[in-house]
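Chains here go by letter, A, B, C, D and E, matching the order in which they are written, and residues are numbered from 1 within each.
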């Protein structure tokens, strides 16, 4: 990492924190993601009013209210669509979408696919706890197939969703995985993700201590990727298909042009358009 | 040229053909040429289930005065061929005064002759053979020019302008038109158009869908996210090009849920935004519309109704999405529903809906329908939106409460980027600040606020349109207005005083204005195009109606006809 | 792991270590407020105040020299976060003072270990002295906390058990 | 034991505590023990916004006769602590006759003492200290046993059975209960329960959500696809296990749109199927419900209502999804809406809905709510579904017309696998055969069929429940029934004759039966828990009401109380 | 493929054809897919009443009505969900889902993801013409970014969706691509797909002669894969990411167990379940 950067930011992490107190269970990994986000924003020195944090529904999706940025706590699974509309309408804002694995990969799966593909310049942070926390512990797409729960006694029997591989196949331009227990590392990824043009996807393993207490063990099992980020889809596919899902780091950095919104400068006035109807 | 005396009545011409005969193109060209010549007009179309090469019918009504709907009968049917003509027997009403002109090949279905129409066969295909690039439909246009008294040159120049690209020379066009026009002289006693009045001001040629889109642009819409669906896609397609020209943007989203949520994102960002859809798409947007209500985000959905339920009859019109539009949201979710009442009204009605949505920070549904949206009209230049309501934005403050309780119920809305006003748009029930709350008093305060801002707003006279006076009142909405008005005019001619009230603002309800409009009414006939009389049930639920109420409701796919309404006026039951 | 080589860097680390501790303790205090554990809320607030004094102290030590600020990931902690921050997963709404104090002791011990390692690894004597001094202070803090903790009984196993099920929301 | 004379009235006990104090568990155990001892009971709960460790309130009402709702006041509040007790001041009505028992530590919020309640402090925490594994909530249960006259052994055995797993020995439990019970003797003049009547037949302990699920199983449901949502997930979770045991299957789908479409697939395959959701999920299912109407596929949606609009107040009850349930579909889409009127009625009402959906090949929405669904009751064994309507399946035929026009409107449905009956389930408008059609006559025939099969069906007496007789009629539905009936009983005691009519079948409407039920009514009070008086508007739209109508509508999150209804009965306005 | 199998089927292709006449444009590729399907079913000798053909909305989705099988013409984009419910409720039926690229990859994207992941034993045939035919020629997710259309003048600027790569990343167990102009080849793939356990995905390039007349050129550009199907995800990823999207053949055959629906034999009677409520 070379010589430490010396920074003199105008903002510190707590400038991004609102007065609303989280309802998250003490010990929830989402606190770590929150810290990481605040640290990343402070590092980037982004004025809070220039940042919009968009979410759906879930414990993780409560984050916008806890930030001092502009926030949007929408409906379940649709955050990426909201964020897309916002970014296209207001390209100068830094648009972050946050949420959970249920919100993003289950009900929100279609928007995930198409946001990756469309490659609008924004960052998507999924706080993945491999469970539905908010609704009392149902399996999510990333839950292991044999995890026993009330709604799927004996396990779902369904192979877990591979968010990073799907993001790659769908066209995401930046793919990383972090661990909520290491907020500084996550902050680093977020800084890179926000700076990288196009659609950046950061999965953060974030333990649900209430429904998945075994996830406390993640601190022993996650491990940083020893490799530099892949830069071609083929190389990345090699890494992301069949990996162990516990490797952290920036895993792919693509070079696709971000969706420009095709927003052209004004070429014609409304009066001219009206003229076209004149007989 | 023929010598018959032109009638003062509008005349209706049906152009029919199949498999690439070009009936629709011919219809549009007739409309345009007549418009150029000073007539008003309206064209609708009806097609078979095929993507291409299907049977098609263009109905063109022309008159010296504005035309908002079709009448009951067809003066002139021009059949380019008779393939699958059966499909249209329900739509083309021919009587003993009607004239059918057809190619010498083929025979009309008996149903089309049952009314006693006069059939004239002409060698249209034959005539076109001699002229390079000409087709029977161009000959037919010449014929119609001749019959209706449109100058040949005018018709030829319209045809050349439109079809020139397709490799037809001006000379060939002129020859084809002349050939058709010449053939017209052989037809005795054709229906004739009354001469147009001198044209004052601009005339436009516009479809309802284009008018709605233009209205939205006039009211400030600069972002749209849509998902294609019949009969709304042409609106989106028109808009896409113009938004691009105006520095805005239209995005085709992955589905309707994405579209409406993108609209909410853009609007939250301060840019007036809309989406366009039809029944099945509206059904998918319901959840997000509830979010717009709760989080108080302006948003507009133009819903161009088609036959339902489910996938239903996508190419045909029906007024059966009223229920979902006014009642479809879960929870107590007051919002705006505006319905244009004519093709031209699609413009100001949509502009108004955008303004109301912006001013009231609330979603607005514009209930147009296939009949209005896909009809094309020659009309006077539509009026600009009457009002210019705008979004109330927030200025810097010590403490910003996004959902502050104000006298009007409207709270200033912060636009991202402005320092010091950061807040979270919230779909959970919330305090004035926007923090989630489950408290009874917060819930009640916000429910009251969201209702009262709509109820307290002064909608002015635009909430409804009234025509005529009388003890008998027709209550109607949307595309049923034209046949209702035409029936009322006919009833008046027969000595029955009828007033027609059309509601433009369907939600929120306007009990006071309604009572005033209905004051003195002895009896009411409700007219609507739905199977379950949705409009009537809605009126009953929210308004006081006189004791004598009769309901004329009929589902699609056929448009309501003036005669059906007149019959109900004359034989009250 | 590359070590700290300048006084400037040491102060930067000390500053971040204490200020992040303040943030984490405040965060935990809030958690306890929200989860109806007022006793612990008070304790964590108190601890945040103590750490805030430590921040002031580092700022005082730095004098007029502006504090070096590093990117979050550039700090050379031996732990995932700054050593005096309670790791995120270690909170619980049924924590007792005994637990809280144990967590705090662990923080001080990690901080001690951090400074001790800096002292051990540096060839620079000024730096060594200052780091050693800081390590010393952390030992002292840990000791005070241990004394404090001795006033509380060790909670019985099962302290975290909540007879009520979690609540389904949203 | 105390010597006070037991009252004949039900008594209401509130158990409150925070941060893991176990108030809800204690409430359930109290209910269970009282049930074992022969009482009827009802328990509801109220919680803070935290997932764990939040403040919680269990309200337990016990009586010698069946209990369907809470009353107006609380006889006894047992506060394990006072953290965030403020949240519940709106829900616990304490008056001068109320008794508050609390730990010695902490003070009640002033609002809780305002009514003059007597406060007794006991060292609950202290008492628990001495007993290994004991907690204040177990001491509290002992205390309640002592106060209410429940045998200590019975209470101890319930506690041991439930909490034994958590490492508590029977002896310790017995000691803790005894300690609490002993402490009770120090409290003079406690509220006492009237002795239970001898138990005839089986008593059940069941929640509304469990009852609904069981009803569905009884009616033959063997497939479910769901997406979790509060307050409906516990229904799905209960069902998942039982379907597995019964050889059926419950699948958690990727979203609500998938759930309902999977249900349609299973049902098309011949297996009765359902999904379970709440407002936001229902909003997403609307499009597919329209498909079920058009393609005539039986399907059931249990919608457990919560506070709306949008994400709203998920843990609280409201009756504001009536509009979307009855009117939410686009196009003219007649379907079934059934609402259980008590916790126990969730069983037969849901079973009935399944049967109707199957018999009428139509989607049915069951409108339950959080109050019914998440309440737990001690009740008599619920009755089995009264009828056993089944799907009419098709047998081999020369030509199979899936959508044949029959006298009943119901056409025999072919089940895949049966040779010769292959057809396509069709969401486009279609001919009797199922081939897409845009023809007016096909559209009308199928619209009529889909409407008439619902209108012609004989729903028998189950469409509504009536209680009492009188000139004054309360019209209500769902969970508002209990407070309405309790208010009516109190009004009767004051000499006002009141009849309470609860509609169980909300759609289709039953004008004839309704008119008969309302015959002779002088005035009507509509009672409902919605901000916009949805039920009233619905009644107005479709039924004839007497001239004198008063509406008591109030939104959530607080349940409607009998006193509010009584006040409106006594002070008519 | 070795020695030709000698078969004596009871059914011929036309046994699967209904009396309803397709509304498709003459020359539409969907006719080719239809022929291929009938040939495959005849080859497999499946009684028409044992086959259910489920679709959404689009030109392609009109297919069920043209077959003599049990059909389901549902709403736009939801066919896979319907098919999943049907197959779980009636495991003995052969369930085929058919539709277009708009139906399947745009509005239906989420169900596509999760059907692949869930791996229920069925076959999904997408008649991909890289356009919305039914609604008059709007771009679909597979449309090239520079394809000019009314709704996206100058092109969408969005990279095309890679259905096969996404199917792989999401867990599909069998992946093939065919070309409607070669119905016999498609028939072969369909036979394999139907026989293969789990979720089989077959993309068929099927020209829309009305809105994408240039697709007639496909007949010159498609080419059969010279390789055997990949059998591991990593190998398949290598092939499917960055390929030219015109390679036909069975490209991947996985060995994941198909979702068993966890349908256990009856273990308990309803009466026993009721018993659990008795106090």
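Quick note on the criterion: contacts are C-beta pairs under 8 Å (C-beta built on N, C-alpha and C of every residue); 3 or more make two chains touch, one makes a residue touch a chain.
Worth saying up front: this structure is predicted, and the values here are computed from it rather than measured.
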Any chain that touches chain E and chain C: A, D
Shortest chain-hopping distance from chain A out to chain C: 1
Pair of chains joined by more contacts [C-beta pairs], B-E or D-E: D-E
Chain centre separation in whole Å, for chain D relative to chain B (CA means): 44
Centroid spacing, where centroids are CA-atom means, of chain C and chain D in whole angstrom: 49
Between chain D and chain A, distance of the C-alpha-averaged centres to the nearest whole Å: 38
Distance between chain centroids, defined by C-alpha means - chain A, chain E (Å): 31
Set of chain A residues in contact with two or more other chains: 23-26, 57, 73, 75-76, 106-107, 109-110, 113-114, 134-136, 141, 152, 210, 262
Chain B, residues touching no fewer than two other chains: 49, 244, 254-255, 257, 280, 287, 290-291, 295, 310-311, 427-428, 436
Multi-chain contact residues (two or more partners), chain C: 34-35, 93, 165-170
Interchain contacts (touch definition) - all pairs: A-B, A-C, A-D, A-E, B-D, B-E, C-D, D-E
Touching residues (chain side chain E, partner chain A) in the complex: 106-110, 113-114, 117-119, 141, 154, 157-159, 161-162, 165-166, 168-171, 232-234, 236-238, 240-242, 256, 259-260, 262
Chain C - residues contacting chain D, complex: 34-38, 93-94, 158, 161-170
Touch list for chain D against partner chain E, complex: 32, 35-36, 202-206, 210, 214, 217-218, 222-223, 225, 242, 244-249, 251, 253-255, 257-259, 261-271, 273, 287-288, 290-291, 295, 378, 381, 414, 416-428, 434-436
Touching residues (chain side chain E, partner chain D) in the complex: 18, 20, 47-50, 52, 54, 57, 64-65, 68-75, 78, 81-90, 92-93, 110-111, 113-114, 261-270, 273-274, 277-279
Chain D to chain C touching residues, read off their complex: 18-26, 47-56, 81, 83-84, 133, 135, 137, 163, 166-167, 230-231, 233-234, 311, 314-315
